[in-house]
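What follows are several structures.
What follows is a pair of complexes built around chain A, which joins chain B in one and chain C in the other.
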Partner chain A sequence: MRTLDLRPHHLVLWAAFIALMLLMPQMVGNGTLRTMIFACYLAMFAISWDILSGRTGYLSFGHPFLIGIGAYTTGILTRRYGIPVEASIPIAVLVTMAGGLIILLPALRIKGSYFALVTLAVMELMLQLVPVIRPDLTGGTRGISRLPALTRGAENGYYLAAGLMLAVALFAWLLMRTRLGTALWAIGMNEESVRGSGLSTTRLKSFAFLVSAGIAGLAGAFYAHYLGSITPRSFFDINILFQIIVAVLIGGAGTIIGPIIGAFFMVFLLEWLRPYMPGTERFFVYGSIALVLYMYQPKGIMAIVETIVSKMKGSRA
Partner chain B sequence: MMQIIVQGLLLSGLYALIAMGFMLIFSIGRTLNLAYGAYIMVGGYIYFWLSQQLGMPKIVGFAGAVMVGALMGFLKHRLIVKPLKGDAVAVEISTLILAIIMQSVMVLVFGDASKILLPIIPGVVTVAGAQLTYNILAATVMSWIIIAALYAFVRGTHTGRAMQAVSMDEKGAAISGVDPDKINMITWAISGALGAAGGVFFASYTQLSPQMWVAPVIISIAIVIVGGIGSIIGTLIVAHIIGFLEVSIVALWAPELRGVFTMLLIIGVLVMRPQGLFGREEH
Partner chain C sequence: MTLALEVRNLVKKFGGLTATNDLSFDLAKGESLGLIGPNGAGKTTVFSQIMGELRQTSGTIKLYGEEISKLTTSERIAKGVSRTYQVPRPFAELSVRENIRVGLMPDSLREMIFGAPDRNREAELAQSVGFAPKDLDKTASELAMGDLRKLEFARTLATGAKLLLLDEVFAGLTSGEIGMIAELIQDLRQRGFTFLMVSHDLPAMEPLVDRAIAIERGTMLANGSFADVLGDKSVRASYLGES
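Take a look at the complex of A and B:
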């Protein structure tokens, strides 16, 4: 594991982060915990999006498609076929990875705005297709309800969500420190030169898409069981896409901690605004803050923090 | 059969109009302007507000919608596109955020429930055995007039030709004495106006709702890319392919599958022939 280049301060930071996440239930109430559960799932979606789009530069506008496949697979298997969740969630992950291969196909030929459009069209296709194909399985526009719950109470739900998120984050972090992660990053910089260095970009891209889809499917499946019900509108929707992308960009694309910070920041921003503006104006303010932050620093909060840190170091020196 | 042809022609005209405004921006900046959906949505709502809630004449409502659309396009260029200096990804992301913001503004002002627009011109006419509302007929005729005017403008006037020049080669245009910044600004404003006008007709064809912008924006992006960037004729042809496809599916098969085949067509063409059916080779 020489290539990983683990340093002691990495381990200390990770240990502190994990400890902080796991101690949360002792420090905050159940209401805040529920908010944090959602933030954890959003963070997982964001990490998944970042592995694909933040690294390789293939802007995916169809991520809700992958998350929705995960959610629907486990929903259909548990509710319609009575398969236990222990089996249905792994199957959901595999099915979502197959879905990832579907959006990989266009990525082999096109990129940039064209790829973004194809993925957006795939998501819209699912939104229109899911209610009409086999409504006996998908439940049509009303979706599937009463999915088996995995946990009881906010505290257990939080431990599950936070544990999953930490595992996903740690996995993604380790993965990105390998040569593979570097190669994915290089694809985002200049795909031709990666190919010129004798690496198979097709294989690298397939790998990124599979990992991203696997995480999306995992998070989507657990999220579906946490929610207890799924509808086409609640998954294949542009608002979900918006939340994921904004979380990544506000936090900082191309990092692991960035999407997590972004997800927590955006989810809590929405919560803090709730007492002052109970209605839709909240989303207006939320969107505007996202836009201003993005226009101010497209590299996200991580970059802002780094600038401040380096300035402080500079003034000390 | 006649019904399909007539209805197909009508829907295609509408799609062509919506796609035109998008085409202008895409050919100039190569950016996926997702906020184009916001023009469509806002156009429809402004018309609804002026003509149905305030009871003004319909033409005032329409003019208001077009002006607000143009203003939005102008502001968008000034406040977002210019500061980002042609970073395509950043523009795409910020337009997505902007579209969502506009959606929440519309929910805020007009509520979440969908609204039915009163027909622009009431009444029904029978053409070749097909029942048609004057409303849709008027929308199509207006669409064609606007498209023809746009074509004449782009081909015939100095500003229009400058727009073409900027879309082909911005530096070259600048050397020839065209101010690309000013042309860009004009293009964004025209695009906004076209989007808003298309939105009024589109809303009267379907209905007004805060989520109404996603499908038309995908369709118009697709028409433009499939038709080939910068080709008005290609845009027209593909608008008709998609319009007829949708009408035939609804009439001959199942209404709920209408959007499905459009999306499949878009995905298929983009994967097989990314430069579009009629466009010039790029990338």
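Take a look at the complex of A and C:
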């Protein structure tokens, strides 16, 4: 336990969070549960993005590409080859890690906006290529439908998504509390100094990338089965990317709970706005909120919470 | 005499500009050598080549008798050489303790994940450069320049290197802080550390080095005792503009 420096309040907070998620179906209706399912998947995408980009500072604009590989792999394996989901999902995770590694890893040698542009280009390339290369497998522009469902009903779907999100969050939280997490965080602050401390930053970034890709592939595969169908536009799309990044920025980059808070905040805000703004104009609202928050508190809601907690502690002392 | 560092015929060209021009020098184990020269003389470029941050155009660099020119920076550090920078490069949002922790980390993913940080060693290193125990949890962004230099020293020492390259170690410091850093260097010299040091503050540097070399435009001007090097005509001409 010394490795992770765990304190009693950590366990209490995790237990409270898990209990709240488990009790949610007793407190809300099916409609809200369906919104929460999407929020859980978005939270997983955001955690995945944050492990690479929030920690190391390498802004990935290609995350939908990774999520899409996971979704398409399980879709093709289950619908075209009849492979059961118990096998197709683990394969999808491995294919995402390997595919991401081959295509995006060379980009980790370049920095800043160049890395972001290369990853964005890869995502756009996939959007154009998937419909035309082997449409017999990918289903072309119409995609693949009637994917086997993993659960029946909103409640079961929610338990699956929430359980998966909690497992991913706990795994990422524990990993980031090790010295490796500190090193990844340090890369985001000053990569040269990390190298100057005798650490191979290429190895560290590659590892962060693999973990990030693995989570993206896992969440993408489960999400595809939840949706029941996949199309190029529903995965390799810049709107997915914006939702992921804005969720992280709103919640707080470099934390685990931040992307979860950001994802839930954003999904529920969009749902709440739907009756007033049925079109895409409601995306302007969340964009504006993200912009204002980023201007006044770039570290997101989590930093605001931490400031309040430390002030309360200070006033008690 | 065991040599800690042997630099032979080092050349570094950036297009048409020769930043290091056939430079050769040795540094014995436990010795402290001052590297002086005017702005743009190529001192930091020499450091960067020794550390592998820049690859030399030609020439060889040996560390404790082993050719290191083809090694990466992290491999060179593992062999026992580390450096500080002109402008300290802390991990601004990490605490003093965590900054030192990065220097102490083994270059192995497995050990980073499953190994526990050595909190005693972290505290020991922080205290060895003059931090009080209460400073350990301060974030680097809260520290003054003198403390940032101390932090960089601690992180450099944490790598386990015995040959330290100090780049403009007194830059931006108050006279009190200069005294504090000088004391630290003297202490490390007594503990057997080897130094290659760059500073424009010659009076502060003089008592800390056994000898000096002067370069200009990457070319060696003089090599000898500190007084001899400073008395050298070509050095005075390049440094002080004396004709």
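Keep this in mind: the second predicted complex is superposed on the first by the 306 of 317 C-alpha atoms of A that agree within 3 Å, B and C clash if a C-alpha of one lies under 4 Å from a C-alpha of the other, contacts with A are read in each partner's own complex, and residues count from 1 in each chain.
To be clear about the criterion, contacts are C-beta pairs under 8 Å (C-beta built on N, C-alpha and C of every residue); 3 or more make two chains touch, one makes a residue touch a chain.
From a predicted model like this one, the values you see are computed outputs, not experimental measurements.
Counting residues of chain A touched by each partner, chain B versus chain C, the larger count belongs to B.
In the superposed model, A:Q128 lies in contact with chain B only, and not with chain C.
Once the two complexes are laid over each other on the shared chain, residue contacts for A:N30 go to neither chain B nor chain C. Of the two partner chains, chain B is the only one touched by A:L291; chain C is not. When the two complexes are overlaid on their common chain A, residue A:A116 makes contact with chain B while staying clear of chain C. Look at A:G198: by the touch rule set out above, it reaches chain C but stays clear of chain B.
In the superposed model, A:S145 makes contact with neither chain B nor chain C. In the superposed model, A:A186 lies in contact with chain C only, and not with chain B. Residue overlap on chain A between its contacts with chain B in one complex and with chain C in the other: absent. Only residues 57, 59, 61, 105-106, 109-110, 112-114, 116-118, 120-122, 124-125, 128-129, 131-132, 238-239, 241-242, 245-246, 249, 279-281, 283-284, 287-288, 290-291, 294-295, 298 of chain A touch chain B when the two sit together in their complex. Of all residues in chain B, those touching chain A in their complex are 30-32, 80, 83-84, 87-90, 92-94, 96-98, 100-101, 104-105, 107-108, 112, 214-215, 218, 221-222, 225, 254, 256-257, 259-260, 263-264, 266-267, 270-271, 274, 283. On the chain A side of its complex with chain C, the touching residues are 2-3, 175, 178-180, 182-183, 185-186, 189-190, 192-200, 203-204, 207. Here chain C touches chain A in the complex through residues 51, 53, 72-74, 77-78, 82-83, 85, 89-94, 98, 101-103, 105, 107, 109, 112-117, 155, 158-159, going by the rule given at the top.
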